[in-house]
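Letters are used for the chains, namely A, B, C and D, taken in the order the chains are written, and counting of residues starts over at 1 for each.
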Amino acid sequence: MNKSVVGQKRLPGDLAIWIFILAELTVFAALFIVFSVSKSLNVEMFAEGQATLHPLMGLINTLSLITSSFFVAKSVLFASQGQLAKSAQWVWIGIATASIYIVTKFIEYQSLMALGYNLRTNIFYTLYFFITFFHFMHVLMGIVILIVVANKARKGGYESDITGVETGASYWHMVDMVWVVLFPLIYVIK
Amino acid sequence: MKFQSQSAAMPYFIFALALFVGQIVFGLIIGLQYVVGDFLFPEIPFNVARMVHTNLLIVWLLFGFMGAAYYLVPEEAETELYSTKLAWVLFWVFAAAGTLTIIGYLAVPYATLADITGNGLLPTMGREFLEMPTITKVGIVVVALGFLFNIGMTMLRGRKTVINIVLMTGLLGLALFFLFSFYNPHNLALDKFFWWWVVHLWVEGVWELIMGAILAFVLIKVTGVDREVIEKWLYIIIAMALITGIIGTGHHFFWIGPPEYWHYLGSIFSALEPIPFFMMTVFAFNMVSRRRREHPNRAATLWALGCAVMAFLGAGVWGFLHTLAPVNYYTHGTQITAAHGHMAFYGAYVMIVITIISYAMPIMRGRPNGNSRQAQTVEMWSFWLMTIAMVFITLFLTAAGILQVWMQRVPESGQALSFMATQDNIALFYWLREISGVIFFIGLLTYIASFFVKGDAVEVAE
Amino acid sequence: MQLTSRKLTGTWLLLIALTLTSAGLGSLELSEELLVFLVLLTVLIKNYQIIDVFMELKNAPLLWRGLMQCFTLFIVVAVGVTLII
Amino acid sequence: MAERFTKSMARNIYLGGSTFFILLFLGLTFDTMQAMPERDNRENLTESVANGKLLWEENNCLGCHTLFGEGAYFAPELGNVYQRRSMGNDEAFIGYFKAWMNAMPTNVPGRRQMPQFNLNDQELEDLAAFLKYANGINTNDWPPNVEG
């Protein structure tokens, strides 16, 4: 059980993950700024490029990641109440929800590449493919982390201390946060 | 010294310093050739002296890393070295191979050396920093395998600390990436692409692990700060080094053939490369300010702090200065690159090797509390002489580089000055650099002299 | 203030609503500046909600909550400024 | 606060982070290799060019010159020397190149000296072919001007 006193300030999860999350956000910030600067330097190229994307798939992905994040947050809540079996269950549901993202992203890459677009087509596609793929790899990494957490929770690994669940969840929320910026930046603002 | 076998580091350190002296002598020669073009020509042409200068640097740093490993791995693992005899045999093999190679460079024309050593069978020579004959490269691999075996067995037998694991990973990576030096296709663009897998993934990848491990070891020893704290920092710093540094390789792919997207990837990730160096500086100062004891070897502490600062300046700031593709378009391959190279190598790798030598040598010589106060004073003088001289070398080369960019690179074809005309125009800075180099050499001699300064043994206030 | 299941669900619905809103904004014929401003506003609100509720940083030390909020704010403002210029 | 900064978490970040970026780097390398045939002028990589490259290496030309900005910074860039000296004419370039190589060293007092490498006619032609081939590699418009 988590014995935090009500009203006392505490940072959920391991401090190391927060340092890492800030580092990750720095990398993404750099990527986003490069994207928006390049966009204002190449207005037409970016408009043409964005027209070939699939905003609906982007929307589905946003919803799936937000919902998955929500389920994982629920799982932390259960863990903090000592209901570890339920906690693990919600982590699995979160992973299942995120797999929607993986499928849609895969379809979107497929359809773009079938049209002959790739990393080398022009600056827009370089940034589109790199940023989204970089994020895609983060989702995969997050899922691996969540699987580890769910397994450990199922085996009762967090009975005395739920820091591990919080750490995994915090990373997962960061992946969600990044997509929340990425979706409007790449898909919506034309 | 906790374990007798740690003294295997001694010959490595001594030989490293001897080669360091050689490196600087040749540095002075080529520095002078920049302004007095026919100096020592045709006996020692520039390309030969330059090759000796850079190869000695690499080889003496490798000797330093090996010495550091022989010293700290047994202490960390809390066991004797697996085989002291192997360490000595490999020392002589490596020292002989290195010396013969340098003699080869100086005694015969390079083409003759290539011919004698059978470069035609497996051509690997004549590429920057990897000029050594193929047979020497094979020798390096053999020595590295024996060394890794020796260190690895020691580690496996004893306590597995984070410092040992990180050091071992770094050394393994060093050996692994060196294998790319044997890949030399006729296709120039591919040759250059994979050449960077050796050079960049060494100095901005696995060498940083080695540096981090050595720095962490010395900081534990001189500050007495809890190992747990230092090890966590070490992990986070090297994680950042690899996260930024691996894709950061892209900043070398801008103008050698690979596609344009490397401009973006290389710029973004290498712009973040100063972060681990900055963290290292914060870390070193933080640990020293939280120290639990006043270690009597103040010189070693000074080197450790200086190393962190200079690595940040040289590798971090001076690297960032010209790493963005639009800037690099103009600065690539000018004296700005040379400025960065000098300060980065000195700050990160020369100073870390001197740090461990400064810490370990007195102990191996039976002075557990460091050298006498008089000797330490001399050593600290050498620190300031070399470091300030290096700062000036860097500044003068940067000034030369900026002028070079301005005259030779920025104007349109037809209006730009030719390379040689530009060189004539910036000769003043080359003279100033040479003078700074002489001061650096004096600093180095002062450092060597500090080993021979006697004086009263340092008492420790418990 | 203890986190409750109800609070989580409420935040989730808010995030969904804001996502749909921002997607809808893209299909309206707004001026570029207004679109950028409105969309980035939804992004900022969403990320602050994620930080406070999902990440549970509302009750965390000020340093960490502040760092995360500043980072988000920085990204949004930097993107906004570079897009509009 | 610091007590919940665990070493195992720091280690996981290191291992996870570096694996992640190594995979990404390998993926990008794979993509680059797909792109190279259109960029690296491999269709002009003849036997003579290959021999020229070997001569380039075995005489340590990079010890003074740069090639695509890499090497020593003591003597001019040679990645674009074909463009700088040929006027678009192969014969002219080879003629110029042979005359230059055979005139070395200049022995002008105080000036930088290029050694005499004693290459025969065929070798000089191979080396010239190598420099022409290098000039044909797509370097993203580097150097900024003909001076290199």
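Assume a residue touches a chain if its C-beta (ideal position, glycine included) is under 8 Å from a C-beta of that chain, and two chains touch if they have at least 3 such contacts.
Everything quoted here is computed from the prediction, not taken from an experiment.
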Central chain (by mean CA position): B
So what's the Cα centroid distance for chain A and chain B, whole Å? 39
Gap in Å, rounded to a whole number, between the CA centres of chain D and chain C: 49
Mean-CA-position distance for chain C and chain B (Å): 46
Residues of chain D touching 2+ other chains? 1-2, 5-6, 10, 13, 17, 20, 24, 31, 35
Using the touch definition from the top, which residues of chain A touch two or more other chains? 11, 16, 20, 26, 119-120
Multi-chain contacts in chain C: which residues touch at least two other chains? 61
Here the pairs of chains that touch are A-B, A-C, A-D, B-D
Which residues of chain A touch chain B once you look at their complex with the stated criterion? 16, 19-20, 23, 26-27, 30-31, 34, 119-120, 123, 126-127, 130
Within their complex, chain D touches chain A through residues 1-2, 4-6, 9-10, 13, 16-17, 20, 23-24, 31, 35
For chain D, which residues are in contact with chain B within the complex? 2, 5-7, 10-11, 13-14, 17-18, 20-22, 24-25, 28, 31-32, 35-36, 39-42, 45, 49-50, 53-54, 56-64, 66-77, 105, 107-113, 115, 117, 133-134, 137-140, 142-148
Within the complex, which stretch of chain C touches chain A? 2-5, 8-9, 11-12, 15-16, 19-20, 22-23, 25-26, 32, 35-36, 39-40, 42-43, 46-47, 50-51, 53-57, 59-62, 64, 67-68, 71-72, 74-76, 78-79, 82-83, 85
With touch defined as at the start, can you tell me which chain B residues reach chain A in the complex? 232, 236, 239-240, 243, 259-261, 264-265, 267-269, 271-272, 275
